Amino acid sequence: MKFWIGVAATVALAAGLALSGTNEYFFYAGYVVLQFVVLATAWNILGGYAGYVNFGTAAFFGIGAYTAVVLFKAVGAPLGVQILAAACASGLLGFGTGLLTLRLRGIFFSIATVAVIFIMHTAIVNWRYVGGATGVQLLRPPAMPLFDSYTRMLFVVMAVLAVAGVCIARYIEVSWIGRGLRAIRDSEEAAECSGVPTLKLKLFACTVSGALMGAAGAPLPMYMSFLEPASSFDLNYSVSALAMPMIGGTSHWLGPVIGAILLGSVQQIVTVTISNEINVLVVGVLLVVFVVAAPDGVLGLLRKLKWLHRSSR
Amino acid sequence: MRLASFVLGLAFSAAALAQPAPVKIGMSMPQTGSLGAGGKAALLALQMWVDDVNAKGGLLGRRIEFIVYDDQTNPALTPGIYTKLLDVDKVDLIIAPYGTVPTAPIMPLVKQRGLLLMGNFSFQVNHTVKHDMWFNNSPWTDASSWSDGFIHIGQKAGAKTIAFLAADQEFAQNLANGARTLAKKAGLQTVYDQNYPPATVDFSAMIRAIRAARPDIVFVMSYPNDSVAIVRAINEIGVGDSVKLFGGGMVGLQFTPNMVSLGSSLNGIVNYNSYVPGVKYPGIEDFLQRYAKRALEAKVDPLGFYLPPFNYAIGQMLEQAINATKSLDHRKLADYLHKHEMQTIVGPIRFGPDGEWANPRVIHAQFRGVVDKDMEQFRHPGRQVILWPEQYKIGEAIVPFEKARGK
Amino acid sequence: MALELRISAIDAGYGAVRALHGVSIGIRQGETVALLGTNGNGKSTLMKCVMGMVRPTRGSVSLDLDGETHDLTRLSTEEIVNLGVAMVPEGRRLFPKLSVEENLLLGAFRKPARADIGRNLAFSFEIFPVLAERRRQLAGSLSGGQQQMLAISRALMSSPRLLLVDEPSVGLAPILVSHTITKIRELKQRYGLTVLMAEQNFHQAIRIADRGYIIVHGEIVFDGRTVAELEQNPLVKNYYLGSAA
Amino acid sequence: MLFGILVGCFYAAVSVGLSVAFGLLDVPHVAHPALMVLGSYCTYLLGRYGWDPIVAGIALTPLFFLLGVAIYRFYYETFEKRGSDAGVRGLAFFFGLAFIIEVGLILVFGVDQRMVEADYIGKSLSLGGYRIPWRLLVAFGVALLLTAALTLYLSRTFTGRAIKAVAQDEPALRLMGANPVRIKQWAFGIATAVTALAGAMLIVVGPVEPSLDRVYIGRTFCVVVLAGLGSMTGTLLAGLILGVSESIVLTLFGASWAPAVAFGLLLVVLGIRPQGLFGR
């Protein structure tokens, strides 16, 4: 119950902010942070629950963005349709990737997903309709009546996506699917022996995770009014999507959310404060510090604190 | 104690009141990522302009405050940075980041808000958006402005066939498409046409293929890393005696570290440029001397022919327009920029309706007599002999290519 | 040339599970001692305590070697191996992706053994000719019996003075068990080895043992000073010779 | 075709270090290419004092060996020793390390590309009208020597064989009297030392910039996985396959498809034969 109140409050807050006179910059920065919430949550479904480290986030994200571009260019589809289609396309890609690679364990799976990025990237570069390597500039339609600017609307859309993503992740976590995935993470053989349909579950997680990543990418072309392959299939998306749950904590749906908000905001702040090479360093250093010093992320730290607190009493 | 600090604070705010608020100029500049090297050199030139103006007493009697962020050559970051500049930092004027990719995402934003945007070496970025308050500083307009010089020189040398080698990335592809059209129009027969992917390690195979195709002209559109690798490969393998002209759109051969380390293997190559010594623009030599000193400290491109003068020119154009209109109003400034010829250290600039130069002047120059491991030689005219455009021309192209290399 | 292994009153286990309770046994130079007991009674744990792979929570494990006493509970497995103690582990633990020869050469990793490589290798190939035939083959591709031979040979490559053999008969056909046990005896005679062998196959074990212990639920329940004593023990009758008979 | 072979050997040379670290030790060493680029920059630094790049690369190996030992020690203490989940977190750790190296290089050297000079760079060997660049031949030679040396080391020495065995069964290796942690530390040191030499090759073959490591993450892992983990001769062959297939695709379909086909190859191999083409 508490969770659903939180959900409603978040959506209401996002919409309220967007309709209020809050500074426009907030929505640009907020959009990016929310986008990372979706990506980190999506990554965690496969990476956190099932322990399959997906490096291909950029591939799913990029395919989502390009699906939206194709639909927009071809039929001028509205944003909602673009997002749905992007989720389908990336979900399909996730399913395909899963079929091909889920029998691989550990880092082999990770490398295979890296390969998916390069293949998708190359395919888009060779596809002239979406601008090829040059990229494509888009003129976005006017915003919906209620909103002052298109970016405000995109911010709300991304907030809804983030909330939806978290709901899905939470559902998976508490349902039998999540239990199955955790069993896979702990010991795949044991899970298989005790009757967990491992391949089916992994395929499901891969598809859902991919679809969410695609949905996160879908509004990007409208956000930038421009899309080109090098930055859409940027490996940095993969690294961030992995670093955020690691920093937040991978075992609970709240972990990636905390990690994304934390790291995403730090990235945004550092970009406009330190603003030189050092801001690239931030992700690296934070990632290393957290995996070394706080293997269970922020959530793990909080839990430890709580435990200390209790035991001191 | 508290009182003292209160009084002190009061005194400060009084001083602040006495001095007019600064003119805030903001931009994002790639300082890391693929355009980072050029971006840093360009930024230094703009900083010099800001210092110069402030030393003279500022704009309209107000100091300039220059706010710059690093966009890491990542287009996804620039919309956020520019809204921050506009809405949080409340800048009065904005300048575009160096390059097309970081600039493209901010065009709709600028148009929607009706802002003046000074472009920065981008390529046809206003083509779809068609914003009438956009003014680019680059000496080229469309693809033909870039390549017609090269093709013209080639035809003059009696060329009948052409080969293309182009990086499979945004800028090079735009150029290549333009060049292909132009070559067809000029009646040149294409005997080889290859796009290559980013991060190609070795070009030997492609150079060999070009050699086998025996073209008269080889038009190369490449990015810095590739340019260096290509020059090395032609040095090692040779492009054959059929080739009269080699080069055209190789980005990176304008950068000092590359020129110095490639040294004599540059000889013979005819390549585009924005400025080379020998072009007599008023004030440019003084600028370059001052730049050289500061570049040494800032560890950026020590010669700075390619980007820095044009970035300084951005400042000069703003300065001229503001002083003439006595205003920071974007519309008024844009009108002024449209109507008047601007005087800069890269010569007079007049803008066409699309905000690109009305009279593009991409220089094509041939490397000659370059020796190894010597940076100073490039400061003197004659190492890069201007072949195009006619008004700056110093000499004729030496053909064929292998002869121009002195081999 | 004196060697004596003394284990006194050790407790050991894994986490909360106690596998050994106050176990004491001793082995002297030249003996072959059988450690008898069915699965899960603590034989392997005892062996691992000797090798430093499991740390006893109480009691002591010490090895007297040429007048010097070594406290094995303070030494790492490598250091124990370097003293001249070798183990043929349960389940053989070969390196499946290395060749037979590479496995054998790895057995001679400890410095004193490196000088004896030629002799030890020749000896291994002499008693197990099949290993010589398959020296280039991957260890993982050998049959169970061949793997056992390889495991024993590999342990011998370290020129050990005390050899621990954990369940040589597991997973082998009866005829192979008999063959393996015979070979262990042969080795012992040629090398003058001291052997501690954990085994559940009583009949085979007592063929070569000088004496033995019976371990049940982590406790030594019987110390048989001769083979005959062991055969007479009621426990043995119950457990091994078949109360059904 | 010939160039495919030469470039392929170069790919093998830059991958052997990873083949040891990842293939034999199971360390998810994604910072390998970053260390290689670091090696290139060190070579560049020494080159400014007139050192020949190959000599510089060799001179750097002891230093990189120590660096490798230190990195492994840290990795072991923080991840392997704690046991569970070393894979995921280790991976994240090495990714972070790669980032830090990359940015460190940018801070020190800037984003400009750097190159070195040597007598064999920019010249070529003429073979009946065919001109082959010396720098590729040098890389080719060094690659062959490196692979041969490592193969011999791994099969002929006690430590070498222990390195091959360590990932298969650590407790069993202890029973051989070897300390697996020390062996791994030593092996990781060697892998990193080799990386210094690979870095020297990298800057001999072409100019280097700090973010070049990202491109090579794909290429090196592709080669190592194609090779089948930890097989040195396999690494050489896999490098050749990558080089040759890239050059074939380049001539048949155009250069813009080359990277995808190389990775496609990797995916197909992973899908059909995860143990690699030459794995055991």
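Miscellaneous remarks
A, B, C and D label the chains in the order they appear, each numbered from 1.
Keep this in mind: a contact is a pair of C-beta atoms (placed from the backbone, for glycine too) under 8 Å apart; a residue touches a chain by one contact, two chains touch by 3 or more.
All values derive from a computational prediction rather than experimental measurement.
Common neighbours of chain B and chain C under the contact rule above are D. Chain centres here are C-alpha means, and the one lying farthest from chain C is B. Annotation: 37 Å between the Cα-based centres of chain B and chain D. Each chain gets one centre point, the mean of its Cα atoms, and the points for chain A and chain C are 55 Å apart.
In whole angstrom, the spacing between the mean C-alpha positions of chain C and chain D is 42. Residues of chain A in contact with at least two other chains: 122, 125, 133, 277, 280. Each of residues 106, 256-257, 259 in chain D touches at least two other chains. In chain C, there is no position where the chain touches two or more neighbouring chains simultaneously.
The set of touching chain pairs reads A-B, A-D, B-D, C-D, using the touch definition from the header. Residues 47, 51, 53, 100-101, 103-104, 106-108, 110-112, 114-116, 118-119, 121-123, 125-126, 133, 235, 239, 242-243, 246, 250, 277-278, 280-281, 283-288, 291-292, 295 of chain A touch chain D in their complex.
Across the interface of their complex, chain B is touched by residues 3-4, 6-7, 10, 106, 110-115, 117, 121-124, 131-136, 205-207, 209, 211-212, 215, 247, 250-251, 254-259 of chain D. The touching residues of chain D, counted against chain A in their complex, run 22, 28, 78, 82, 85, 87-89, 91-93, 95-100, 102-104, 106-107, 214, 217-218, 221-222, 225, 256-257, 259-260, 263-264, 266-267, 270-271, 274. Against chain A, in their complex, chain B makes its touches with residues 31-32, 68-72, 74-77, 79-81, 83-84, 86-88, 101, 104-105, 107-109, 112, 125, 127-129, 168-170, 173-174, 197-198. Here chain C touches chain D in the complex through residues 51, 53, 76-78, 81-82, 86-87, 89, 93-98, 102, 105-110, 114, 138, 154-155, 158, going by the rule given at the top.
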